[in-house]
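Two complexes, one shared chain (chain A), two partners (chain B, chain C).
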Partner chain A sequence: RRHTTINGRANGTGPPSGKRLFQGQESFEQAPMYVAVMTYLGFGLVTLFGYFRDFLRAVGLEKCHIAKERDEQKDFVPLYQDFENFYTRNLYMRVRDNWNRPICSLPGPVFDVMERVSPDYNWTFRLTGKTIPNVINMGSYNYLGFAENNVDFLKTVAERVQQYGLGVCSTRQEMGNLGIHQELEELVAEFLGVESAMVLGMGFATNSTNIPALVGKGCLILSDELNHTSLILGARLSGATIRVFKHNNMQSLERVLRDAVCSGQPHTHRPWKKIMIMVEGIYSMEGSVVCLPDIVALKKKYKAYLYLDEAHSIGAVGPTGRGVTELFGLDPSDVDVLMGTFTKSFGAAGGYIAGKKELVDYLRSHSHSAVYASAMSPPVTEQILRAMRCIMGLDGTTIGQTRVHRLAENTRYFRSRLQEMGFIIYGNDDSPVIPLLLYMPGKVVAFSRAMLRRKVGVVVVGFPATPITEARARFCLSAAHTKEMLDKVLFDLNEVGDELCLKFSQRKYTSRPKEQHHNNNDLNKDFKQDSL
Partner chain B sequence: MAWVEVPGQEKVLKPLLNTVIILGLIKCANFSPQAPAYHLILEGILILWIVRLLFSKTYKLQERSDLTEKEKEDLIEEWQPEPLVPPVSKDHPSMNYDIVSGPPSHNIVVNGKQCINFASFNFLGLLDNERVKQKALASLKKYGVGTCGPRGFYGTFDVHLELEDRLAKFMRTEEAIIYSYGFATIASAIPAYSKRGDIVFVDEAACFSIQKGLQASRSFIKYFKHNDMEDLERLLKEQEIEDQKNPRKARVTRRFVVVEGLYINTADVCPLPALVKLKYKYKVRIFLEESMSFGVLGEHGRGVTEHFGVNIDDIDLISANMENAVASIGGFCCGRSFVIDHQRLSGQGYCFSASLPPMLAAAAIEALNIMEEDPDIFSVLREKCEQVHKALQGTPGMKVLGESYAPALHLQLESSSGSRETDVRMLRRIVDYCLEKQIALTLARYLDKEERFLPPPSIRVVVTVEQTKEDIDRAASCIREAALSILK
Partner chain C sequence: MDFKNVKEYLGWLYYQYLLITSIYVLEPWEQSIFNSVLFSILAMVVYTSYMVVPVHVHLALEVFSGICGEQPESTMALMN
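Take a look at the complex of A and B:
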């Protein structure tokens, strides 16, 4: 095994466990009461209008745009219940131009959004053929800026395309186990500081195909309230009992654990076979970071197993980008199952699962994806290899480290400026995912459209992905964002925030000395796409 | 039903409380000043009851209140969980993967030996096609590798829209939707439509991803014997009788039939015309999984619907993966907009996962171009399949499973030794023998404990257009030798 020293530590591992380096602050400020009232009123009004429009459609006064069942199948049981679609028909359709925006360039720090128009209030879209060039990208998961098309950096990836082609046409256990897959698995294990790792072709499938292989009937899964759909699907497919504890709340977790160990399985009170705690490193809707030291202490006390999903935190947090284990200064072997994806910080696709050698050996023979799902595409594997080598410094440059530091700086800067302006933002000070609360459905839509007019692409999320009163905009920072880009976005946010009255925060922040005012010319300058 | 958080107390008798409150609200909605006296009295009693419940003592339904703190500590001390994973022996058949160095093309290097590839699903030989690679390189130069986001959040690229459009046109349906992984395609499509309480009739030989989709849907699953339309009709008739007992429930219970075009586990084809007749007779919707038959069957490669001449609108949903004939990664579903559009909001593998990398989509588009320009390729493939099928007949001790035009055949033992482990070991020895003689074959892999109807152990033989007559003859004689020497 090769050893590299970064900052005097072998392989970039952190100091001995227990010593907490990280003192990040988390905040989830509540908005004043009138905001909740207005939000409910807003939804109520839209629902009433929805009923009214449904009535008009039924009577025939309004044209019905919805796709219809075939005439030959009119007497079949309807495929969708009318009520299920109420929300889609009457709320989502009217505002759906804010999602699924097609782009036609690299998803880097700036991108080109394709222009769409709708002649019939968003029922159908038509691409005009024009693009909105150089829109600042605050929505893509490009934390370390590896979504790039620089010819030099992608040389090895292009070589792999030429040499191997694109697909693999087989599963890992049959004829799909390529030499480069094994190379990647060794590198991932070295990167994370664990014994062994396994890679898969899709991040979502990593959870949904491996959790059923680890736990089954008679086991207990303790899952955080706000876990991702893939974790919930994997837990359901496994057949184990699932209990939910409050988000990041250690008292709730301890209570559920104690209860579980003492009472055993429901009805029979037999002891549980295994208890597995499933948490994520960074929760992408809240921006919060898991309280890992507390969870590790609890798991050791109650002899449970820990499954950590680092989809958003691998590469994005930690002094050398090793994720939340490094952020807290813990030993990676304290976490039983380390899982993550390559989509976010490595600019590729796929997922990995890592841990002790016995665990990974077992998964190689019993995971659903190893037996039935296609292996990872070779050029994608090469992209991950080069990105990981870059972060670890194994390619002889310090580009990786520079990017990790730049991301941390950008995060700190952006968060502090947003808080100063008076917006309510959730989450940990060190998380590059920043939810900005908008609350009211009308403002959510107006915000997204206003920002696009100013050439900033933002992501907004509402019900049902978030609680009904907490619709938000979510910013994903990137190491590729320059300070000028961030300043432009902040300037626009300031103006739009004032226009739409979005500054709900009631906290007072010491204001920094006013930034030297940019000329309007500067701020309206076009940000060209640029490789780092 | 909304959970009510009672202030300052544990959640108490929640269903009862909620029913009472809802009843109370209904009563209030019906309230009118001209109501008779007993209405008002009833409402008064209801309000008093609610007030009483709000302030009554709590008790937890599940508590083992007989445990003291000390006893709890002891229990926690004593409890020993199972190890996270059971130990796997070193010579478990799935432990030692065959290592392929270099690309898995026609001439493949397996475990250091140069072999002819009879194991990768590269039916049309598009894996190392120059045009496909060039298009992928152009896409790489423009878009980089990953898309960095799901479809809803700036992960929709113009290549995705183009690929969906082209697939819809190729299959002659209204709309198509693409997924970033073949396994997730049908496993996300089924639960988007079939929910708890619905009924799904599925063939016993359905592949694993269909089984996972069915498990995720939580519907009632009824298995019918493989390709046995009479068994399916029997089940449908039984269901009809059930429906008559409860017509109100029957009016809202959706029914589906899930079949594959060419089954991966048995390499035979489903009787689609008979199925369509059953569809209209018993009012069930058909979901067709065409991973093995897309780009293989039919005059233009459109799959089993073209093969049988069935109207494609009669099939509600066609799902296929692009990892076989198309030699890329990912999957798609196609059908009428009425059906497909629903997955854009409810397909879990679509909404909650990053989209397909653009260069893989560009490769798929170019593969489609090649398929459209040169439809002769399908008849060439069919010819080769017939050749292989014929050449493998009469292998001593083994039988060939599959249609003569199926490109992925199974070679099973004619008579099993009684134990699956022994059979697998014998087949593995045959595969090893062939690898020595430079023919790359593979055992068909399954998860023994997870499959509902575990197929018997077999060797997979895959036919591709790149195999020549000499290759096929060599392979057949090699397998014959192996069988002779090992299966004495």
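Take a look at the complex of A and C:
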């Protein structure tokens, strides 16, 4: 069982203010041995049946639904690499009714799912025309509830559409630099507490096109084991050397840093031009939070640069929603490059890069997406502006701060109840992303279907996005979820957990510890709730 | 979870077996193939153990009692 406590412990230096605002407990409990054995057995059996079905298709006893070469081209080099798609063809296709479900409403706290049936075991789907209304949404990245269609809140957005239209029809460098783009960049810089910021139209592209502008050949990238695909893609595109350190493990990072500084570049042993450490604020598959004070201390000691991807943590953690730098009480100027996206907490689309003015000015002319990509659409920009002003309190209301607090409350409540029930949950106690481990492929599929029957929409993830034995369901909490919705979801989870035998945890929880440093009256109400 | 009768409980146990072995994701005819293969293997194991185990246990007991039986007799013979 891995159980780590986050504190500033390495190397004697802590956050500059000296005040520890955050002491998170992270746990990654391991399931009993029989679970891993049965998971491998299950995959083995389905693989055997996969070979059997492939044989039937090759012989011709069964119709082949997938792409294959034309008869005239059978002697050519094969176009469809059959074995690479083995997993897709023989496992994913059987159960793919649990993914890509079409929805037909706003992805708020509740949404409508379109009903579909499959006559041939998920090779083709047919929409029946009916919808499943008011399904509770536990999968959308809607941390602060800004995915809303309230006409009053969206008044300014509608005005922008009338003023600017929808498309910008140019890049920022040519004719697409609108006044609201500059307004947004100044607001983002003020929000984060840095000198300057740059916004881009797409979050994934922010990582994959800006990292090549920052590092190149002769530089070293130290990237966490579980980094997101966009970071990995950007690192590979840059041409720099990439070394991986164990997830959130400061000893591993220090060892890799020392080796790199001592031995230099691979064959010539010249010193590295730049060493950049790439980490994320919250890792969305694990729910873990980065040990930022330790990393900042290491970076100062070994004179490396830090690139922090706050896609899931901006707006969602921290007492006022400013992200992991605020959570740990650190100065944002300690982090060299702050990156984040507007997709998750702001209900819009796009990403930003922030830091010192020289850095952002350099990136404006050297980054691929800043130079070539189309500028951000005006209503999307206005949505981010209104959401950010709401969180900062600049619009005169306290709605933003209420939402940040409600998200923190929902997170604590949901996590503690799930642990009490006996499920294995990964991640930090304060992260709104909650992976619930399911392990076996049969249970993963049955779980998703059972929850949809009870009108709760969940996202389940399996191999290859997770390790093969650790398939999970990932819950993303929202400030828009009310207590009644969470209670209903917990009730259903309890019943489905008993029905499918998902309660693998071997810890004993007698009662929830009272938390002194968060004073919320609602917490007292929780204790009076009857346990379900 | 409360089961109204034994049939429902057995149905739930079968469901657990489908989930744990991941046979749940297969089509019904594939499940039938797997169930019949597994059942025939188990039947063969039960039959073999029924035929073989009592005979071997009996033989083993004979061998051990033979060893224990012979020892005191040989030492007595030596002393005499």
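Note that the second predicted complex is superposed on the first by the 480 of 532 C-alpha atoms of A that agree within 3 Å, B and C clash if a C-alpha of one lies under 4 Å from a C-alpha of the other, contacts with A are read in each partner's own complex, and residues count from 1 in each chain.
Operating definition for what follows: a contact is a pair of C-beta atoms (placed from the backbone, for glycine too) under 8 Å apart; a residue touches a chain by one contact, two chains touch by 3 or more.
For clarity, every value in this text was computed on a predicted model and none was experimentally measured.
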Chain B versus chain C as contact partner of A:Ser230, first or second or both or neither: first
Chain C versus chain B, contacts on chain A by residue: B
Chain B versus chain C as contact partner of A:Asn137, first or second or both or neither: first
Chain B versus chain C as contact partner of A:Val95, first or second or both or neither: second
Which superposed partner A:Phe43 touches (first chain B, second chain C, both, neither): second
Chain B versus chain C as contact partner of A:Ile275, first or second or both or neither: first
Chain B versus chain C as contact partner of A:Asp498, first or second or both or neither: second
Partner chain in contact with A:Val489 - chain B first, chain C second, else both or neither: neither
Interface residues, chain A side, partner chain B - complex: 67-70, 72-73, 75-81, 88, 92, 99-108, 111, 113-114, 137, 139-142, 146-149, 151, 154, 157-158, 161-179, 182, 201-205, 208-209, 212, 214, 228-230, 233, 236-237, 258, 261-263, 266, 271-275, 301-305, 336-337, 341-344, 346-349, 358-359, 361-366, 368-374, 377-380, 383, 457, 459
In the complex, chain B residues that touch chain A: 62, 64, 67, 72, 75-76, 79-82, 84-88, 92, 94-95, 97-105, 108, 110, 117, 119-122, 127-129, 132-133, 136-137, 140-149, 151-158, 160-161, 180-184, 187, 193, 207-209, 212, 215-216, 250-255, 280, 283, 285, 313, 321-324, 326-329, 336-339, 341-342, 344-345, 348-349, 352-354, 356-357, 359-360, 363, 440, 442-447, 450, 460
Residues of chain A touching chain C in the complex: 38, 41-43, 45-46, 49, 52, 91, 94-95, 121, 440-443, 445-446, 495, 498-501
Contact footprint of chain A on chain C as seen in their complex: 1, 12, 16, 18-27, 30, 34
